[in-house]
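Note that the chains take the letters A, B, C, D and E in the order they are written out, and that residue 1 is the start of every chain.
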Amino acid sequence: MKSTKFTPERNISKAETDRKWWEIGDFFRRNSLWLLMYCTGCCAIELPPAMTSAYDMERLGMGPMATPRQADILLVSGYLSLKTLRRLIYTYEQMSEPRYVVALGSCPINGGIYHDSHAVINQLDQYVPVDVYVAGCMPNTEAVMNGFVDLMEQIKNKSANGWKKYHDNYEWYRQNQIQSLGEVDVHDEFHD
Amino acid sequence: MSITILNFLIGLGIAFFGFVLQTSIAGLNRKIVGRLQKRVGPRWYQEFLDIFKLLSKRATSHGWIFDFGVIMALGGIIATAMFMPLTSTFNAFGTYDNFFIFVYLLAVGMLGMAMSASGSGNPWASIGVMRALTTMLAYEVPFMIIILTIIKIAGSSLTGIQLYQQAAGNNWFLIALPLGGIVGFISLMGMLGKKPFETYIAPAEIASGPMVEYGGKQLGMLFIMHEITVFIEVSLFVHLFLGGATNIFIFILKYFLVYTLANLISNVNGRFKIDQVVTFFYKWPLILAIVQAFIAIYLGWVI
Amino acid sequence: MTNSMTNVEFVQNLVKSNVNVLQEHITDQYQVHFVVEQDQVHYILNILKNAGWIQMSYLSAIDWPEENKFELVYIVFNWEKPVYVQIRTKIDRENPVMNSILPIYPGSKYYERECHEFFGVKFPGNPDYEKQLILENWDDIPPMRKDFDPEAYSKRKFPQREYSETYIVQSEGKSKLAKMEARKQRAESLRGGKK
Amino acid sequence: MSSLAVLLIAIPLIAAFVSILSKKVAPYLLLIASLINVILLFYFVPDGIVVIGGYDLPYGINLFVDTFSRTGLGVVNVLFLVIVLLNIVEFKKYSSVLLVALAGLNGLLLTGDLFNLFVFLEISGIAAYLITTSNHKPLATFRYLIIGAVGSSLYLFGLIIFYGMFGTLNLMDMVSFIQANNVDPSALVLPAMLMFIGLGVEAKLLPFNSWVKGVLKDSNTLSGPMIAAVYAATISFVFGRIINNLLTLAFVGNLLIVVLVLLAVGIFIAEAMAFASTKVREILLYSSIAQASIVILLFVNGIVLWAVYLIIANALSKTVMFLVINKATKDHGDDESDSLQGVFSKNILVGITFSVATLSVMGLPLFMGFVVKLNYLTELAVGAQWALLAVILISSIIEGIYFVRMLIKLWYPEKNEVTVKFDLGFKVVFVAIALILLALGTYTAPLNTLDNSIDTIAEVIDNG
Amino acid sequence: MANIELLLLFLLASGIVSYFLTKWKSFVGSVFTIFSTMFVFASLAMYGFSGQLDTTVNVIPVLSFAQTNIGFYFAIIIVFVYLMVSFFHPYFVGEYKYKNSYNVMFLLSLAGVIGTFFADNFIQLFFAFEFIVWTSMLLIPMGKSKKAAVSYYGFSAAGSFAMLFGILVMRSVSGSFDIDLGLASLAGGQATLVFVMFLVAAFSKLGAFPFHIWLPEAHGNAPHPFSPVLSGALVKLGAFVAVFAILRIMPSTPLIDFANSNLPHIPLGQYAVVILGSLSIVFGTLMAIKEDDAKKLLAYSSMSHGGYILVAFGIMTSQAVAGGFYHILAHALASAGAFMAIAAVAKQTGTTKMSELGGMIHKMPITYIVYLVAIISMAGIPPMGGFISKWLIFQAVIDKGMIFVAIAVFFGSIGSFLYVFRPLAALFLGQELREYKVKVKEAPFLMLLPMLIITALNVYTGVIPSAILNFTNGMLVDLGLAPVSITMWDIVGTTGTLNPALIALVFGFGVVIAFIIFIVLKKSKKVTLMETYTAGNFVHDEQLLHYTKDFYAPLERLYIKYTTIMKEFYETLAVKVKEIGRFGKYLFMNKFIGTTILWIIAILLFLLVGEVL
């Protein structure tokens, strides 16, 4: 004999509740993005104006963070030499999920002015999934801020899943890294 | 005084209220500091967003001591907050709010965090913990001398101290013991880790010190712990020096003023080296504390 | 400034009197360079060091593929008599070997390692000149040699981004020099013609 | 029967003359004589006065046997027998000298006549000089001879003055004469001090004992224990008897203060000297100087009983310590405490006995030394001698430190291996003495059988 | 009815038996030691608490016993520490040089302990006191350094001879060695002299400020199983003598009492003790912060806790003395637990130097928990026993309003948090060094058992103090002080009430909530210790990521220059005595005979001149 009190049908499946939680999480993640400023190249000079009174990224909830463990965004600003890329991959793997990569400048896109150099890689998203590219050989601050807002949009409509891509086809990325860099985890005489 | 589950729940309520109050005031303060630097500044609930964002992320853990330390830290701090009286009439455990509980249960929180930080295996964390303990050694002694004077005058239960200050004829200890108030505020800056004494979370030098290895939920829990610690320390200052509060709104007002003043001073200061912190605290604050204690106890001049 | 001239003269007499100089050139009152035989280099560097040129500023090589020679350049500096003296020598390119000057200038250890890494010059006498210094896991010929083609290496090792059609900017034949000249003119006019 | 006491002196003398005639039989004579002496002493010799020769006053001599001299004789003869037994094989040719020494020592303890005491002093002194020749250090023996002669001649001057003043040489008559017509003590100062210094030289008191270092620094298993234990015990007994009866009458007012200061400074500096030295035998000899000064200090303060027990305890411990160290130095060659390190790691039993002896000298519980030290300190406290008490306590701290340092060095080997072998005879003696020290330390009943009236000369004088 | 004298004889007998058993097989000998100490502890505990220990003497006439509350309190704590440590013997005694004499000396010193605390006349007290000194002195050289035993004996001998001097002075006044009669009969100048002498004994045994040089060397270098006994138990002898000195001898020193009534009414003598106590707290803490060897660090912590006990007894209010007694129990348990944990680590790794150790927690988690609870109690943090005693002492210091003592006391309690954390971080946490990854495994069960018992006791004394405080109230009444008012759960101090059970409950409640928060959220990814943030560098050597060498370097730099003053003072003292000795040798013992004759003539002339004038 079913009780007469009104009990709603429990038809929300577990995946459903998870997705609901994930959306709420997205709202928080969107509104409090922490940057790990991996200032590899010359585009890093665009960041101070982004933080100070002119553009003030803090009103978007964004702020600089000291260590990869605490950061959400890995901000690649400028060209990536082989040695820097190895450290970048190591740091990327240390960040806590979900994590995003924002690449400033044209160097991560196609090698930029260093496209023909033996030391600089030409396309960043072969090695690390990049969510937002901000083109320009040194994009001005407004472009950078737009890039961040685009990232927020992507998080909102759940398309900023570079980190999931990194999980799923980790082998492909790994193979690319080995092909270009030889080996990621290097030993040298000072740190052994 | 029989202790029932109700007391525990009230205590938990106080702790939660403390967390919410402090987080929102911290948000407001970030706004004020933003406006100070002529920029827009974040929303007032930005701190909440940060904390819940951290709790939603998937973190990494370095072993059972790394997690147990965080749990012990947050547990210790919540326990301390449960004892905290909000107004002179309202507190969870009646007359058991002895001053020493706060100082020493706070130490349990510090121990938990220190343990898990150095358990994370990162040298930055150990250096951060060393600096935190050295700073604690620095600001604690002058503060305790002033507390000695207050307890000598008004007994060691916080509500007792509040009632003493609110009684007719007596005024706030900030006015009754002026030097004590100054030393208390400087020690509060040390306790909160505000800028001149922020050597143990120095983001530039040791990559945010003990917090270097925390991400996701551990960092979120440590942020909650930090907020509640700040609540405890600032409300201690309010109860000890500003005469506590008869109703909740006065308490919130005094709380806001003290925290904002501390924050503003913090934002115009550089950062001390760790041995400068120790020599600073053992020079003027200690001398002031001794003079104040001498005047208050032996000469009996309590204004 | 009479004494600086005498410094250069002083250096000239010093070097000429001790070793036969193949070629000599004074860039200005602070820089002078001499080209000497390979086996004379150690001798002249010793003399310079005793005369006060105690700092080894730089050691590197220049690749002359057509002469099939490497030209090693040693730049030493004297703090009392401020003159940069460059000692240059040409060594064989196929089997470039040059005894290390570690005993004279201990500081040259890393320069020699770098020179080996980027040019392939061997420096017996320096215990760890083969060790990797700057390039990590480099798998090609030393990159600074002229016969090394970085673009080919870049194309081979790093995947390029494919674009659907090629955007090639056609420059209208105005030479680069002419453009620079026009720009200079406009800057002059803006400055109001003052010298 | 009563005159058997004379035999104690006579037998060794006769044996000595016979042993000179035939070298071969000398060691057996020595053993027999000392054995007879011990038997005689314990079973046959009664108390009382033995008058010899019945001459009138200045020439007549009488022997005086009472509990005080009996204990002295007992200790000396038994220890003499033990040491002789251990060294008879090695020092065969010294038997006649040892016989003379035995006669002299017994004579010293027995005689009641002061001049006779001087004679026996000379006899035992000569024997002592000859024993020290076994150290093969002629210069040290020569120095001991000269100072010994100076000492005994000073004693003689004192005696002559006393004889001049009181006309008698007999201890008892002289004391009763002084007490009868209560002579002004300031008159007695010079002779008393002369006699004090004379005997002080032989009793190793500080300013007068520069010979001790030469003799004991390079002693061997015979001369070490003989000089340090047997001779020291005898002289302490004799000196104590004279102080207790005769010199106390003189030690009044500031003379007493001078003597006490002399002794106290002597104790402290002796301990400091031991603290400063690293050679094990030097440490032992300086500590025995300090102990000797404490004994004399007790006699001067009238604490006779515990002084006697201290002499016994010291004699026992010193024999063990000197025997062990001399034997170790003979085998190892050098007695520097660093080079002798770890000598006990191989022979544990000898190590234990040596440690027991050292701890007893330091005055630590469970050993005789503790009981004696505690009691004589209490007696001093009763006598309200706080300054002396403080000096003794401070010097016993210093003594404790250097003894512990020495003990730990001897127990724990460092680099080189020290191989020293002690044969059975030595071990038996060591264990026996250690057991005595341990027994008397814990079960203190036998110690309180005797009491302060041990020296009965005073009684004899009072009741005629 | 446990007869004390029989216990003593039993111990002496078992000492001899254990000598032969250890000679045969060291494991059997050590197990025998465990059972004999257990028997002694059981018999004492069963009859002691109700106070009917049989004190009749039938075998050895000279001994005489009396059971007092204070004596029993000390005895039961120390015998308990002896029992707990004896569990370590089977694992450690095997490799010492004179292993069979180790068990003997251990049991003999235990006999000495019982003899001291149940003595009713001073002679037996002194007898047992000296007996402990030389038995423990022979144990110390079996550890690392031989010189430690010499300095240990030097200071202990100085202390006990000073006490003997006091006893003799008291005897000359009261005529007998009886304790109560002697103490009561003292008055005026003599009382002060005896007070000072007993203080010297207390300070040298406690290792407090002026006589603390031997403490780090003896505790640091003693054999691993013996240092918990040294610092947990034997230091308390000093406290026992301090009770005599401070609380029962009332030296007629002037009272510190200016016109104003707020000033502390403490006699000058007691105030001097309090000042020296606080000095030893401060110096103990400063020296401990700088120390690199874990055992020396804990030794300095015993010095600073000795200072707390002296301050507590010096203030002489009922609260302070109760705090002092409670602190004796809390510190005995805490330092015994800490030393045993370090001994367990030293057994596995062979060293106690913090710069060579790291990451022990991964292989020895239970030892880590034991050490953690021990240092929480040592630092005086709430759920553990140390907090109660420190709270009582703070109440008393504040009540008396002594500012400079308060500075030292608060500095000591915060400083103790600093230096106890250092071995925790250096020894147990941080990177796991490669050479210990394979070799180290958890301590065997027989070693863990005592450690866990002590941990449980640490927590018990922290949460439910009423049983122990009742017992200490009985002792306070013996000393003529008002008992501390305690109800079932909380302690009523002069300035506030404390409910330790409530604090522990609320702390547990807080931890449960934090645990719930932790569980609800997503599980975090397990990561090894080497994958830490190293600013991008690839580091492969654990040593580079392990921060232990001079942990508090910036703090050290501030006072490093002044740390060796006291040590140099004592070394120059020793050199002075040596110089006197050498001068004496030069003066009296030189080769030239003339000097002796010169001395003889000089004395004679001095006398004659004296006489003639």
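Just so it is clear, contacts are C-beta pairs under 8 Å (C-beta built on N, C-alpha and C of every residue); 3 or more make two chains touch, one makes a residue touch a chain.
Note that the structure is a prediction, hence the values are computed from the model and not measured.
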Listing by label each chain that touches chain A and chain D gives E
Larger contact count among D-E and A-C belongs to D-E
What is the identifier of the chain with the smallest separation between its Cα mean and the overall Cα mean?
E
Relative to chain C, chain with the most remote C-alpha centre:
D
Chain centre separation (chain C, chain E; CA means) in Å:
71
Using mean CA coordinates as chain centres, what's the chain B-chain D distance in Å?
78
Could you state the distance in Å from the CA-based centre of chain B to that of chain E?
35
Between chain B and chain C, what is the gap in Å from one C-alpha centre to the other?
61
Where chain B touches two or more other chains at once, the residues are 57-60, 207, 212-213, 216
Residues of chain C touching at least two other chains:
none
If a residue has to touch 2 or more other chains to count, which residues of chain E qualify?
531, 533
Per the touch rule above, enumerate the chain pairs that touch, sorted by label.
A-B, A-C, A-E, B-E, D-E
State the interface residues of chain A toward chain C in the complex, per the touch definition above.
82-83, 86, 109-111, 115-123, 126, 176, 179-183, 186, 188-189
Spell out the part of chain A that touches chain B in their complex, as residue ranges.
21, 24-25, 28-29, 31-32, 34, 52-54, 56, 58-59, 61, 65-67, 69-70, 72, 94-98
In the complex with chain A, residue positions of chain C that touch it
131-132, 136-137, 139-140, 143, 148, 150-151, 153-154, 157-161
Touching chain E in the complex: which residues of chain B?
3, 8, 11-12, 15, 55, 57-65, 67, 70-80, 82-83, 93, 95-96, 98-101, 104-105, 107-108, 110-111, 114-115, 118-124, 126-127, 129-131, 133-134, 136-137, 140-141, 144-145, 148, 151-152, 155-157, 160, 207, 212-213, 216-218, 220-221, 224, 273-275, 278-279, 286, 290, 293-294, 297-300
Given the complex, residues on chain E that touch chain B span 260, 262-263, 359, 361-362, 365, 368, 372, 376, 379-383, 387, 391, 394-395, 397-399, 401, 403-404, 406-407, 410-411, 414-415, 417-418, 421, 424-425, 429-431, 490, 493, 495-499, 502-503, 505-515, 517-518, 521-535, 545-547, 551-552, 554-555, 557-558
